[in-house]
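Next up, some structures in structure tokens.
Next come two complexes built around subunit A: one with subunit B, the other with subunit C.
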Partner chain A sequence: MPRREFDPGGGGAAPWVFLAPLIAFAAVFFVIPLGFSIWLSFTRWNPLGTPSWVGLRQFEYLFTRDGDFWRSILNTFVFAFGFVALGVPLSLGLAFVFSRARGKTLWRSVYYLPQLTNIVAIAYLWQFVLDDRYGAINRLLGMVGLAGPNWLSDPAMAMVSVVLVMIWYDAGKNMLVFSAALEGVDREIYDAAALDGASPLRTLTSVTLPIIRPAFIFVTITSFITGMGFFALILAMTGGGPRGATEVTALYTYQMAFESLRMGRASAGALILFAIIGVLSILQFRALRGRE
Partner chain B sequence: MTAVDRTGAPARGAPLRIAVAPRWRRAIGPLVKYALLSLGALLMILPFADMFIGALRSPADVFASPPRYWPQDPQWGVYARVFRELPMTTWFANSIIVTVTITAAQVATSTMAGYALAKYEFGGRAAIFRLVVGAQMFPFFLFIIPIFFILRFAPLMGGNDIAGQGGSGLLGTYAALCLPFVVTWYGVFLMRQFFVSIPDDLLEAARLDGAGEYRIFRSIMLPLVKPAIATLTLFSFVYHWNEFIWTMTVTRAAPELQTLPVGIYLLQGAFEDLDQKALQQAALAVSILPVIVVFLCLQRLFVASEFSSGVK
Partner chain C sequence: MPNPARPLVAIGTALIALPALAQDGPLTVAMHYTQDQAAPLIACLDAYDADGVTASYQQISYGDYLQTVLTGRLAGQSPDIYNVYSIWAAQMVDNGVLAEPPEALAQFVRDGYGAATVDAATIDGTLWGVPSEVSVYMLVSNMALLREAGIETPPTTWDGLREAAAAVTARNDQGRIETAGFAFAESSSGAGVVHPFYALVFSQGGDVYSDDYTEAMLDTPEAQEALSRMAGLVEDDITDLSIDAYDFPAGGIGMMIMANWYESAIRDGFGDRFDEDVAVSQIPMGDDWRTLQYAFFMGVDSQSDRQEEAWVLVRHLNAPRDGGLSCMGEMLDGLGALTANAADLAAQEAPDAFTRPFVEALENDRAIGQPNVMQAAEIEGMMARTFETVIAGDAEPGPALQDLDTEVEDILFEFY
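Showing the complex of A and B:
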């Protein structure tokens, strides 16, 4: 039977019509902003006036004279690493338990609840729970005779609090990625491992983990990128305080732009943070892939 | 090795190990499992419960010494007060307008672009696909400043001249809230993955029948990717109902355009008063409710495995 070869190029102008919105968007809201941002980082600009070219001086200032900037970088690392190091294993563990439970829809909805909630509500409901005097946690601790810490007003404690809330907020999302990956594992592989007399631990390390490795890499890297750039929660919960203890770089540059109106320096700071995230994501990706 | 093990296994039916395991040991696994899940679930729900209970407290409960946790006389009227005393209706309407517009736009642009990338061959396709994948890596904070000023200096908009000077551009309009989000790279990627899995034969057969390209897309292809559209709708709706940073940045000076999270956040000073805390908690509860309803309605259509489509 003669069969006409399918011609994928036979759409004429149609693909370009379908892609027109994307191309226009990419130009106006991706390429131009990136170029604009890079150009701005070489200027000094308070938007009430006109930008003036200052070369590398914004970068020089941030690197050599701005102690707050370095502290914000450090805070960003603490926040992102705390979030990844505690949050990813927790989601994976939850997914393991979850994957063999009944009533998945119900559990999924419950664990996904924070993801459905706006970040302002998340921040405020935890402010109520963590309140030094009136909060539910310190009241509970008080009932058993313990004095709870000042979760949000003690600089040493505030970062711990925001990391924990971030983990609580995001656990459901990562758990779903992991449980989707776990459900993709063929049951027969487990049966085969059991027949071969593999212990549960051996099955976990030699069968399950290698199979879900792509999901693990995906979750680790996306969580890291999220953690390094996410500042809405911190803005609404602590505003970067107390005394700068939770001031992360993305928040620092945001405030520099829209409160101090230093657009040039803020753009430079954002680009530095982006470069750090890019380099570390690639290194992370290589390291996680390399062990195969 | 397998041969030996296999001969040692019971000939048919239930494996030997389970048959000899005492009853309590069989029960303990599920027990631990459900105990853990319930504990976690409790941890997820309690902060919300704390907020709902807090909303019902009267000033008398708050100022009692020691303050009462359980409201003595639950103030259900607080939910009506929220609408009377705060610009809740405006915020609500704005949230709906912005979320629905963005979600509809994202579904349209994602299905169109995803379809083109999956089912046509043309010069530049590989480059555009790389852009779609690569752009997902760029964090949003990088775009806040430049996009703010691109909208501010949009030529001929909002009193601007052709060079973008003189007026306020698109700031202070719904366009400023929606335009930066009309395309979602992730959505294009998701839809492209779905269209790839649809056999080319369908497209070919439709062409032989003389259907035009746009009709094929609308009448044949779109109905086939309904589950993916449901997933994208859900994601977009939830994300943009809750979007906070961008909306706050462009509506700080335009209260008539503020959405629920932004309005509640910017009113924080007004809630300093302990007496007003209940009002704030009730407002937050009202802001959360619509998303939960949408989620419960759509989650039937929503396939968890699509979460991993970025992985494979």
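Showing the complex of A and C:
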């Protein structure tokens, strides 16, 4: 009797049996919720009652009549771009500095600590620090005769505050990715660059950054996606205020769903955000890859 | 040989039996009070046994209450008895969440509770439960700060409030307000600015909606006047939006328009100076002042298999015990919260100086019920944002209220 060879591409039920748990997991936690959300976006549904089909009216309302939705989209871009534009270079800088520092493991651990802390606790901690009247920062500024800004009650400063806290929270994670990439650079390349007389800046721009470009692409895109969809920190820290200045789209749709009980419209808003993030991520990925 | 189908059969049988088991379990009463706050009520529930029907307490935090109810109902796990904030009631009734009480219980409520509070539990002329906690807004003053500024009694007019607040307000060397004459409360729901606005509008004889809720009345002269008064305090540097009335217990705020439930926090903050330094007085809008009251009421879930037993329990919890306080009355009394239950009011000791003005506002029909309009939470969120924008000086009251009126009527049009 000939011995049967394993054929992963062959027929039979075995591959499906082994894949079944993964397929079931994906179906239950990704495909069905996404499909339900898409269907909901064409309905009007207060979860106390039953959904009624309204076609494209939720999208029409959001696109044509809901000024707050468009303002939340703008806030989302400001938050995400601020987070990426300041956070990614900071993470890279920290990784670069610590790769040459004594006790780098300790430093990396210290900067990673916020990631181990509950995001709501972080929000409350920074509320105390940034409080306009009683906060530590403005108290310290007051002691040297300076009037600190209204960190949380001025609309522009509130956005700055949540971006900075988000960077503080997330910098350690991205720093670790950059650190791993930097550790992977062959020392001999640096030696060769030094022999060729390359300055430290030239070494950084012509050697280090091109080599760690995959890590840079990964961090930039994942940070952008995180920034576009993140709202837990903002919910706990400002609640979207003052006067909607920090209300990002994810928070707006959350409040629409669970406070205003408009599940259909919230689903439509979430799908629009999903589409924006998807398109921009693809464009970003292509642009960054294309420059390799 | 073991039968492989046996575990599946056992699980199936258990699932089928679950609803039957649930029917034999205790009636569930879901409220937002913590276990400590609800201790007297929980004692009543623990002791309850009506022909084998028992009861248990379920705490749901206030912020998560409606969401928990929604998800619980979707999962078929709703409690039997709710403690409903009146502004949620219209939606719950519209979607068939609440059961109608029996006529005898409705009569018990109509006979034994203040009219405005009964209205809070009434939607389209139908009563949907038994009122429990009532909250009323009044002017709360830090008399130590007012006396320091040469003012011996709380103001009774808006001009008086402006003068007193201006006298109290002090800035530090950096120009930041150190002591505020007046403050609005910051709250995620927007109640900190919306509820005082209601009080000012009601005091001027205005209203926020037409009687049938088909129209918003936010572009009326009364509404513009009310918002202009609030914005004027910031415009004239008497206060600003970085000052939070919830910091009143710390002692740096002269006056605020606040509900009675904040008493315990103020008491904690002022300590021994509370009786001497904290005064509660009328909304400072002259002799015709009015204010806002809102209420919670106990309702029964329409999906409950034991509605009749649940209503019996609701009545038991709200009926006087041997001439003394009801179970709910005992709990609310311990919290320093108000009730509109006449029997409990008669059985309570005379209210303290802080609480008395709130009670009198209820007794004298000065306190007008918060409108039970559909999408109330959404509408009040929109109001709060508009009011804060105007108060901050980023918009004029007239055009801002005109826009708000249109947006609110868009929502009303969906439902009325």
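One rule holds in what follows: the second predicted complex is superposed on the first by the 272 of 292 C-alpha atoms of A that agree within 3 Å, B and C clash if a C-alpha of one lies under 4 Å from a C-alpha of the other, contacts with A are read in each partner's own complex, and residues count from 1 in each chain.
Note that in this section contacts are C-beta pairs under 8 Å (C-beta built on N, C-alpha and C of every residue); 3 or more make two chains touch, one makes a residue touch a chain.
Predicted model, so just to flag it, every value in this text is computed and none were measured.
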Inquiry  = Looking at A:G184, would you say it contacts subunit B, subunit C, both, or neither? Reply first, second, both or neither.
reply    = first
Task = Quick one: classify A:L195 as touching subunit B (first), subunit C (second), both or neither.
result = first
Message = By the touch definition at the top of the document, which applies to A:A26: first (subunit B), second (subunit C), both, or neither?
response = first
Task = May I ask you to decide whether A:D132 touches subunit B, subunit C, both, or neither, giving the answer as first, second, both or neither?
result = second
Message = Between subunit B and subunit C, whom does A:F224 touch in the aligned arrangement: first, second, both, or neither?
response = neither
Message = Let me test your reading of the model: by the given contact rule, A:F69 touches which partner, first (subunit B), second (subunit C), both or neither?
response = neither
Ask   = Just subunit B (first), just subunit C (second), both, or neither: which does A:F79 touch?
value = neither
Query = Does the superposition put A:Y169 against subunit B (first), subunit C (second), both, or neither?
reply = neither
Task = Compare subunit B and subunit C by how many residues of subunit A each one touches, and report the one with more.
result = B
Query = Touch check for A:L261: first (subunit B), second (subunit C), both, or neither?
reply = second
Task = Please write out, lowest number first, the residues of subunit A touched by both subunit B and subunit C across the two complexes.
result = 47, 134, 258
Note = Residue positions on subunit B within touch of subunit A in the complex are 1-2, 5-6, 9, 15, 33-34, 36-37, 40-41, 43-48, 50-51, 54, 67, 69, 108-109, 112-113, 115-117, 119-122, 125, 128, 131-132, 135, 137-147, 149-150, 152, 179-180, 182-183, 188, 200-201, 203-204, 207, 213-214, 217, 238, 241-242, 244-245, 249, 252, 260-262, 264-265, 277, 280-281, 284, 287-288, 291-292, 295-296, 299, 304-308, 310-312
Query = For subunit C, which residues count as touching subunit A in their complex?
reply = 66-67, 70-71, 73-74, 91-92, 94-97, 172-177, 186, 188, 240-243, 247, 252, 375, 377-378, 381, 385, 388-389, 392, 394, 410
Inquiry  = Please output the residues of subunit A touching subunit B within their complex, sorted ascending.
reply    = 4, 6, 8-12, 14-19, 21-23, 25-26, 28-30, 32-34, 36-37, 40, 47, 94, 97-98, 100-101, 105, 107-121, 124-126, 128-129, 134, 136, 139, 168, 172-173, 176-177, 179-181, 183-184, 194-197, 214-215, 218, 225, 228-229, 231-232, 235-236, 250, 253-254, 257-258, 263, 266-267, 270-271, 273-274, 277-278, 281
Ask   = Which residues of subunit A touch subunit C in the complex?
value = 46-49, 65, 132-134, 138, 141-142, 145-148, 150, 152-153, 239, 241-244, 255, 258-262
